[in-house]
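We just call them A, B, C and D in the order they show up, numbering each chain from 1.
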Amino acid sequence: MELILLPLLRFAFGAISMAGGRWTRAISLLALLCDAALLTRIALLLAGGARLEITLGGWADAVGIAFVGDLIGLPIAALIWGLAVAVALYTWRNELRPYFFVLLHFLIGSAFAMVFTQDLFNAYVILELLTLTSFLLVGYERKPRQIWASLRYLILCSVGMSLFLLGIAVAYYHTGTLNVVRLAAHIAGNPSASWIPLAAALLVGGVAVKAGIFFFSLWLPAAHSRAMPAVSALLSGVVIKMGVVELFRLAEVFPLDLTFTVLGVATGLLGILYAIQTYDLKELLAFHTLSQIGYLLIGFGAESAASRLGALDYAIAHGLFKALLFLAVGQAVACVGSSDVRALKLERCSIPLATRIAIAVGMLGIVGIPPFAGFTAKAVLESGVHSILVRVMVGVISVGTAASFSKLLPLLPARSTATCERPTTAAYAWLGGAIALFLPLSATLVPRSILSATWQWPAYLEAGIAVMLGYGVHRLLRGRSLGLPKRLFRVEEGTVAIVAGVLIVFALLRFV
Amino acid sequence: MFGFNGVTIAIVLFGIGLLGLIIRRDLVIKLLALGLVNSATILCLVSLGAQESGAPPILTPDMRAAIVDPLPQAIVLSAIVINFAILALALVFVMLLVERYHTTDSARIERESDTEEETWN
Amino acid sequence: MTARLVLLGLLPLTAALALLQRRRLYAIIGMALTSLLLASVFYLSQAPDVAITEAAIGAALVTFIYVLAIRRTGRLNVVASEVAGLMERVGDRIQGFEWEILDRFARRVGLDLSVQFVRIDEIEKVLLQRDADLGAGGLLPDAWDRRLLTSREHLPTARVAIVGPVSSAARDDESDRPSTPLVGHLTDVIDAVRDRRPIDTRLDLARFLVLSRHGLDGYRVVRDDIETGYAFVVAPHRADLYTQLEAMIEELRESGDLDRMAERYLT
Amino acid sequence: MIAKRPARSRLRRPPGLVVVGVILVTVFCLVAIRDFDYAGARTSGSDVWVDVAHGTGAANVISSIYLGARLFDTILEVLVFSVAALGVRFYLSARGRSYEAELVPESHIVRVAVGVLLPPILLLGIYVLSYGHLSPGGGFSGGVIGASGLLFAAISLGTAHVSQRMRPPVLRWMEWSVLLGLIALAALPATCSLPLLADPLPAGRMGSLMSGGSIPLYNGLIGLKVFIGAWIVIKHFVDHRGEI
């Protein structure tokens, strides 16, 4: 009941916001409060040991849409809520049209629904609603570059969703169900049926377009870096994560360990390489989102409880940090008037102090410096990865992260002569608080034994070495371009890459 | 295996749509190709249940044959509407791009938007 | 069942043909055909619901939207200010001297003529926004934006300055007074004359004739000496139209048709 | 016509991508057709849905799934449609023309034709909508058929003419209130201790107009919503025609 009420209320608030008027902002606050109450209630029910499973409308299990609230869904729902609050605080003084709030309500409502749904076609519709709302939000300011970025986003996502629907067709034809759990039971009964690789490749490929996997999501860098900061934060923290959530669901149905590891490593490495190459600050963050999704996939592909928990942990930590970074960087860029790191460096005095502190905190968290949540999550994730090769790759990605973020170091130390202070400190404080709170919270997710095992000196040492090496790489490469092609990110290349990606996933499942 | 049936044709249409998306540069035709890709999946789903002896999924007092599987048809209705929504919005965005770049050639728009100086605020 | 198979076989053909078209309109029509075939296939696949929805949305609505969105290459969009004798509405039809020229011109170059009437001071904006190809309706050749192309004058006219109402302390040296050209709609001037409000404006001959029907007692009317004439204004993106239009006006003038038309409409 | 020839060659896509694309797509199609393993129609499992239809009382099994067992999908779909209408209006109206232009009516015949054709089209829409639970059709197709009738009127008489009847402030109000009504209708069962999205009304005698529980209600609301949404989309496209 609470599970479905959460999205439905958001939709109702969205419908009311369509009317416009001066109550729009008050309604968005009311929506946040309602969400908080419902989420608390769900958390209490779960803590009380209840298993939250409903079929919408009270229909039989075989015909209705099933919603399940569990310990994977709840933290992500909490993350969505936290980011919604941050965005509300960040845009508090901005002049926004009711239209913006309508889209926001719909986006958050559908994200809540996505977290709980167990139905493949329901997931398809939700993902489409997410695509459309986020697509409109990217183009909200109507700058031509934004429009072009979001049009590419729409086209590629639509191709991806068509692949997903084709996958649904294959799976439904052979099993007669759309429910993930029932599908898993079917496949467990006959794990070598010839259609399984095709269905898995289509479903995974389709969602991967939305989830920010490198082969598939070539629209992502442009869309994320050109949107307005609040929207970028939501895209990175919420919309992308919904694709990842669906991938995790699929991982419970199909044997996807190897696929996830391969895709994760490829995504991580390519994301990092492009991040090192670019000097556009917002683009850097966007490429980073890719590399971090790579981490998540590696964690989920490692097939151990610890790494999966670590991945979940990391998904939330990344959502918080990346949102903080996008918001802070957005403000810095607005103050300086350019998103080029070199221009920002020259004008760094005009960036407000709070913004620079926020950037520093976000950086430290993403790079994985010990007291921050990023470190814990990363350590837990790595503790579950047993293959040496994959561990090395994870290490390389860590080094790359440090290297690409070293570019931001010169921004930090300067006396502030800020002239364009905008009252967004509350958003930073909120996210900062969430990050600080996240440490004890993650302890409730991850068993104490795993947690204490990771807080050991090898992990500290590893983090330290990674940062040092990263800085070294940064000094070494300084000013030199890696020569990676930029034209990869066009529509045509994106389409070819999606088809190629589906075939690769298919080959991995079929022949390996 | 390679029989002549709805599913096969649907997948062929899907392929044609993808090729159109890759080969044609005009954005309007790209959108047409995207529409074809979407319609192809719909054809695929509808074809899952299509059979000669089946009856349409509408119950009448004197049913002579069993109805075909209605679920794919029901979910396809949602997909058609969603595709329309996507198309309408994509066309609006193409209009906005034409207003700025005076062309629907994706390569040209790509080049101009890359060289364009972004003005913040 | 054979019907269904035949239609299924046609689908890839029409789809491929549609996507191979060079002209967008043909591609759109091809895809509409494909959608229609698809709807019939759905109907024959025991899916009448899907067939209806696909026919209503996929085949009809989507096609309409595409056709509405693309630029009609076969259309000559004229933006005009309404002037009696030159371009005026009579019931559902438009007639006048300039209308006939444009009508002949559109026929000659094979375009459909479509006219939008706006206020005279908005014509320039419309043309610069590329919302129309050609401006007409008693336009004088001077004082247009430099990007617009002004055709040669097709009908001589003159400017008339109207000042007044003339008070007892009227000055004599009107000739070197700076007088403002006509801005806004003719109806504004007419309203002012009716209310006997002071005006100081210059009108072209055709508009002056309309105005004079409302009685100009008490207003001083001075005819400019400078010879001028009516012209068409062409939007910058239709330079091709400009040369053709020039050639055609020249032809009409030489054949004497222009004079005959002027006689028919303006006397 | 002003396009410069030399610029084209620089913009030409490298043939490599096309070749790779053709090969990959072909392989994809072959693989998909082979591994789909399609061997005739799926027939098993339709009994479940017949039971569902008997539960809702709607003779059209599709609409009993669409507005019964999978109602949540449909609500989301209506939201998608509303978002589309919202987006079209937001992007096209703000950059609207800054001058008033009146389009000259094409001819007398067109006007008469619209007068003759419009009522039957609207009637057909209403029929398709209100018999959606008994025969093929429903809210979406009914709404779209009605809106395409308006499309004819808008093209031939101008949108201003049609907007005199369909006034924008009223439409705006209806737009959100119908959506809210739909969500409220879905949440209503909670007040009589049924699960959300359930159907509180009696099923009725199958085959009669007053059957199907709340399905005709949903059809009506969705039809209204789609009619308005489609009209908004059409209006803006007619106003901005010929822009690409």
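The rule is short, and it goes like this: contacts are C-beta pairs under 8 Å (C-beta built on N, C-alpha and C of every residue); 3 or more make two chains touch, one makes a residue touch a chain.
Bear in mind that the values here come from a model prediction, so they are computed numbers and not experimental data.
C-beta contact counts were set side by side for A-B and B-D; B-D has more. Spacing of chain A relative to chain B, judged by their CA centroids, is 27 angstrom. Chain B and chain D have centres, each the mean of its CA atoms, that are 15 Å apart.
The distance from the centre of chain A to the centre of chain D, with each centre set as the mean of the Cα atoms, comes to 31 Å. Measuring from the averaged C-alpha position of chain C to that of chain D gives a distance of 35 Å. In chain D, 13, 17, 21, 25, 28, 32, 36-38, 42, 45, 49, 60, 62, 65, 70, 73, 76-77, 80, 83-84, 87, 91, 95, 136, 138, 140, 233, 237, 240, 243-244 are the positions where the chain touches two or more neighbouring chains simultaneously.
Each of the following residues of chain C touches two or more other chains: 48-49, 53, 57, 61, 65, 69-70.
Each of residues 5, 7, 11-12, 14, 18-19, 22-23, 28, 48-51, 54, 56-58, 67-68, 71, 73, 75, 77-78, 81-86, 88-89, 91, 93-96, 107 in chain B touches at least two other chains.
Every pair of chains meeting the touch criterion is listed here: A-B, A-D, B-C, B-D, C-D.
The touching residues of chain D, counted against chain C in their complex, run 1-2, 60, 62-63, 97-105, 107-108, 128, 136-138, 140-141, 144-145, 147-148, 151, 230, 233-234, 237-238, 240-244. In the complex of the two chains, the chain B residues touching chain D come out as 1-3, 5, 7-8, 11-12, 14-15, 18-19, 22-23, 25, 28, 48-51, 54, 56-61, 66-71, 73-75, 77-78, 81-82, 84-86, 88-89, 91-96, 98-99, 104-105, 107-108, 111. Contact residues on chain B toward chain C in their complex (touch as defined above): 4-6, 9, 12-13, 16-17, 19-20, 24, 26, 28-29, 32-33, 35-36, 39, 42-43, 46-47, 49-52, 54-58, 67-68, 73, 76-77, 80-81, 83-84, 87-88, 91, 94-95.
Contact residues on chain C toward chain D in their complex (touch as defined above): 48-49, 51-53, 56-57, 60-61, 64-65, 68-72, 75, 77, 79, 89, 92, 94, 114-119, 122, 125-126, 129, 131, 237, 239-240. Only residues 1, 4-5, 8, 11-12, 14-16, 18-19, 54, 56-60, 62-65, 97, 99, 102-103, 106, 110, 113, 121-122, 125-126, 128-129, 132-133, 136, 139, 142, 166, 170, 173-174, 176, 194-195, 197-198, 202, 492-493, 495-496, 499-500, 502-503, 506 of chain A touch chain D when the two sit together in their complex.
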